[in-house]
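Got some structures for you, see below.
After this come two complexes, each holding chain A, first together with chain B and then together with chain C.
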Partner chain A sequence: MKRVYPREERCINCHLCEVACIVEHSETKLPSAAYHVEGLRFNREDSRTICDPAEARAAGVPKPLNRTLVQTAGYLSLSTNCRHCEEPDCVLACKNGSLYVAEDGRVLVQEDKCVGCWMCVMACRYGAISRNPARSNVPAVAFNGINHHCDLCPERELPACVWVCPTNALVFEDRDDQ
Partner chain B sequence: MEYYEEPNARVALGLRRPEPGDWYHGYPEYHVERDDDKCIRCLVCVRQCPYDCTFYDPYRHGVYNVHENCVNCRRCEFMCPTSAIRMTKWGAGFRDNDNWKQKTIRTVYKQADSGAVSLTGLGNDREYVSYFDRMVIDASQVTNPSIDPLREPMELRAYIGKKPERHTNPPEVYPNLKAELPVIFAPMSFGAISFNFQRGLAMAAKEAGTYFNTGEGGLHPDLRQYGDHAIVQIASGRFGVSLDYLSNAAACEIKIGQGAKPGIGGHLPGEKVTWDVSRTRMIPEGSDALSPAPQHDIYSIEDLRLLIYGLKEATEYTRPVSVKIAAVHNVAAIASGIVRAGADIVVVDGFRGGTGAAPAVIRDHVGIPVEVALAQVDQRLREEGIRHQASLIAAGGIRSSADVIKGLALGADAFYIGTAAMVAVGCTACQQCHRGRCSWGITTNRPDLAPRLQPEVAAERLTNLLHGWAHEIKEMLGMMGLNSIESLRGNRLKLRGVGMTQVELDTLGIQQAGL
Partner chain C sequence: MNHVIIGNSFAALFAVEAIRRTDQDAEITVISREPQHVYSRAMIHEMLAGMVREPMVYLRDWDFYKRMRVRTMLGRTVTRINPGLHTVSTGEDETPYDRLLIATGGKPFVPPLNGLQDVAYHSFITLEDAKKLKAACEGRRNAVVLGAGLIGLQCAEALRHMGLDVAVVEMADTVLPMALDTESSQTIAKELADEGIAVHTGDTIDLIISSDGHPTECKLRSGGTIPCDLLVIAVGVRPNIDLAKDAGITTDRGIVVNEHMETSAEHIYAAGDCAQGPEIVTGITMPIPVIPVASTQGMIAGYNMAGKRRRYGGALALNAMQFGGVQVISYGFVKDERDGEVLKYVDPPRKIYRKVIIKNGRITGAIFVKDVDRAGIFRHLMEKRIDVTPFKEHLLSPHFGVAHLPAEIRADMFTRPQ
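And now, the complex of A and B:
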């Protein structure tokens, strides 16, 4: 299966992969709108812009978040995202079966089922799962949000982060044989 | 959100005024304009700026600039995903004055601030006459047919080295370089440029069938595999020179001078001497690599002969030996002496040649244009009947395939391209090479900046450049009715001068346009 692999010796810590990821997973697919408009709503009652993610969620507009994260340590940096493991710990840990391995090998989440218990976050050895506070299925713990990780850009042939990387520090290739 | 430390104290204090004793930075030269509507605060520009010019203010959730530090390298402009950034000149600058230009005033401020020699990078940026731009090329009409290079064979291969004087049986054969097109990558040392760029040069040279020059910094062990396409340099500092180094290369080059700084040695600031550079150069890490001004074993043509034959002995007469000099006054007589001393290749480096670091005053005022030097050297060697004993390589200021054609007609066998190669891989000619923090990863070895240029990206772009130039050279040769560069070499009837005095025309050995 083709996965996104980082090559840390090439990473220049520019974080364009994060930008591309956010734009790709936004509604408008426009950088300015993805960052400035989506997730925010003009509140007519007191004439102000909502900047708080929880408030934006109440208004029904999910704010796009990056699914890949550039991690840095000194001069070293690399973009980390979901490894889409063959035997994923997160799927084993998921208590209500909202995480599953799709037929093509991708690890996906059923966004309407996730309750935000964060066992997947605990289980992932790569730290590739984050929480998306913009959505929630359980009103009582709405602040928890839901599981949020790389979906390998289903609408694109090449994931957006790989496509945008200026030094080819991310590659999309099949390394199952190696 | 990550917190970025503000780059200097006066910004933190909200003061725009420079620190005492820093007048140079008191007057910003460029203005980084940021369209706040478009800016998405992704902070790519903050992370990409190596000159402490851009910073993020978490309190205002905005990106701001210390414009005084901007060198107009345009990296942030290039990387910005929303094109929110653009560079402009800062205001009116100093009062209009053709004698005391902005640059002149700023240089005086800088020296008064620091008391140091004003260093700079890249090549001469003054408004001297470019003879390349005042020469025009001939074309075939009616009386002689032009050739279509897409339908007929066209010969661009250049054999560089000593040629036999006349045909004998068996023929005399001397070691020659075989370049598939007469364009070679100029000497740029590892240390001055990044390893990735040198590797890119090596890969492109191999791909295009030409050569790259290691410069004076030695040959990195990882580049040994490209030895067949390497010209190795022996400069006054003798950095990285060993028998292995000499015998692993296609040719050896003795560096006497460099076009950007004739008469002085190389300057590699200590901050550019990283572990890898120190290992390749065989010098301590972090020490300034300052080559002596002369080669201390060469004080005469006779001494040069000793070194040339020393190198030939060391390589068992299997490789041509080249001597590189800067184009200076009386260059023809010097070149003649070099050929008589036994050099197989003479490289003449004009005053527009680039450098990793040189005193600005020397870069801007010393040396002569390569066009006139080339014409004079070729003429002198012909007159003395020793032109066949050495090939002539022109360097310093070759910007396009038209310059190559004009240089060929003036008598050169091949050309070095340095700055053109750098521009091909992203250089924006911001002239900060000497600071060792090139924002394009070209002239730096800082581990966070060097990966910005990847060897295969560089190799691909350089190969494309050579491919394009080769096509254009073929087209121009065909247009003149010639089918090989051998037919054009030294054929000054194919050139005419525009807007030159008779003395200039005579020096170049060409005729006035219209004749």
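And now, the complex of A and C:
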């Protein structure tokens, strides 16, 4: 199946993939409206406050984050997201079966079933899952939220992050036979 | 090929899916003591507290067995395995198998306590247990939970949420003595206290005082007495090995399996909480009763049963838990710091705590309190036994991520299908 692969030797740490991701998953699909009207904010690797649903709500940004994340070390950077694994560790760990592998191979979450136990965050060796504070199915738990990860942009032929990348540092390819 | 699976939980579920993926024609029979559709034990406290609707505890849609073409025998208990005859027996009938998976999970351990024989008490393992406990809560004020492990504390929190006064009694000096280190268990103990749960560590119940079969008070070893009109025993779960043992299959603490999930008996496999397979940090076999291990072992067993040879590199103990306002994720052996280098990051006002233990360049234990994002990278480092010496100064920085890993590991993770 086609997956998104980063090419770190081309990445210039511009974070446009994060912007494109959050705009694609917004209501308006317009960058400035997504930011200023819908109040969507970007998750940066060090922006811990907006990663924790309780702290995000306290800070007034209970909005879903971008599903791809640029990770850096000095001048090295790469955009990372869900690998859509064939035998996903997150699905094997999911406490109540809300994560599943769809017919087309994508790893998806049932948003009305996820209870925010974060077994998936524990299980995912790529660190590709974040906590979405915009929705809670167990409101009695203060920091409850739901699983949030790349869905490969179901409404697009080319995922938004790949489409926007100015340096071709993200590609959408089928490497299954390599 | 005719496959029979004893059990209907995580290990069984992933075995069914692996068998069906590999062999469209296989016959699959699932036999389970519990009558329910495949559900998650790890959801029963949320059920008890009324925090989630019942459909959220079931692991797959109602048409799951139909889609997987599984013959189910639910509400039926296997009483004997006959390896010589290749059958399992439920007392009423004999079911033949070509390949058998034992996925019988665990059973509650009930310690001998003075007065326990005279009272009604509760276990907290099954959906049925949770429903019975919920019914028994009616009109009760003072719950006592014996055992401050994961199950005991989840039960205590649920009962507290329902408005009962709750006391937890634990023999060890800390809560979650098996799962957490001292610092993180103190954080959890404080959360529990803030929720109004009374925790008595380093103590146990010496005598249960009752009237008419109902508990009224518990006398503690430390001398005090606590009121009690609802008693939950949650001191632990032991691997359910009786069937295997009686059939002459090698058992230790659990049913001993190799890296293919094969037991000592030909064509008989075991997976999940009942099994004792290889552990990755130590290399020895031990039961690791957590969901990801049960699921993965079940999947590996399923593939091997269906003829697709698959090896399991070994299990890593790992858990994610939440109490009060705190989330904890842990990997490996978080208490054993002997001969290890210990790295810590603490931010007390935000309750953030991270610790990594390194021995011979390899991580043997890691724990994350509150700040858990991308913790899973540590699982990878541990399971692949990666030497972290070259980048260890970055491990606990809030910034730490895949970009800090050596180039060849990054390439292995991000340039090929997983």
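Note that in this section the second predicted complex is superposed on the first by the 152 of 178 C-alpha atoms of A that agree within 3 Å, B and C clash if a C-alpha of one lies under 4 Å from a C-alpha of the other, contacts with A are read in each partner's own complex, and residues count from 1 in each chain.
In the analysis below, a contact is a pair of C-beta atoms (placed from the backbone, for glycine too) under 8 Å apart; a residue touches a chain by one contact, two chains touch by 3 or more.
Everything numeric in this text was worked out from a predicted model, so none of it was measured.
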Once the shared chain is lined up, is A:Cys124 touching chain B (first), chain C (second), both, or neither of them? second
In the superposition, chain B vs chain C on chain A residues touched: C
For A:Asn168, select first, second, both or neither according to whether it touches chain B, chain C, the two together, or no partner. first
Would you check which partner chain A:Tyr35 touches, where first means chain B only, second means chain C only, and both and neither mean what they say? first
What residues on chain A does chain C touch that chain B touches too? none
Which residues of chain B touch chain A in the complex? 37-38, 40-44, 47-48, 79, 81-82, 441, 447-449, 451-454, 457
Which residues, counting only chain C, touch chain A once they are in their complex? 14, 40, 42-43, 46, 49, 51-52, 56-60, 161, 291-292, 295-296, 299, 318-320, 322, 325, 327, 329, 331, 370-377, 379-380, 383, 394, 398-399, 401-404, 410, 413-418
Touching residues (chain side chain A, partner chain B) in the complex: 9-16, 18-20, 23, 31-32, 34-36, 75, 164, 166-169
Contact residues on chain A for chain C in the complex? 1, 3, 5-6, 8, 45-46, 48, 51-52, 54, 69, 71-73, 76-78, 80, 83-87, 89, 92-93, 95-97, 113, 115, 117-119, 121-127, 129-131, 137-138, 140-143, 175-176, 178
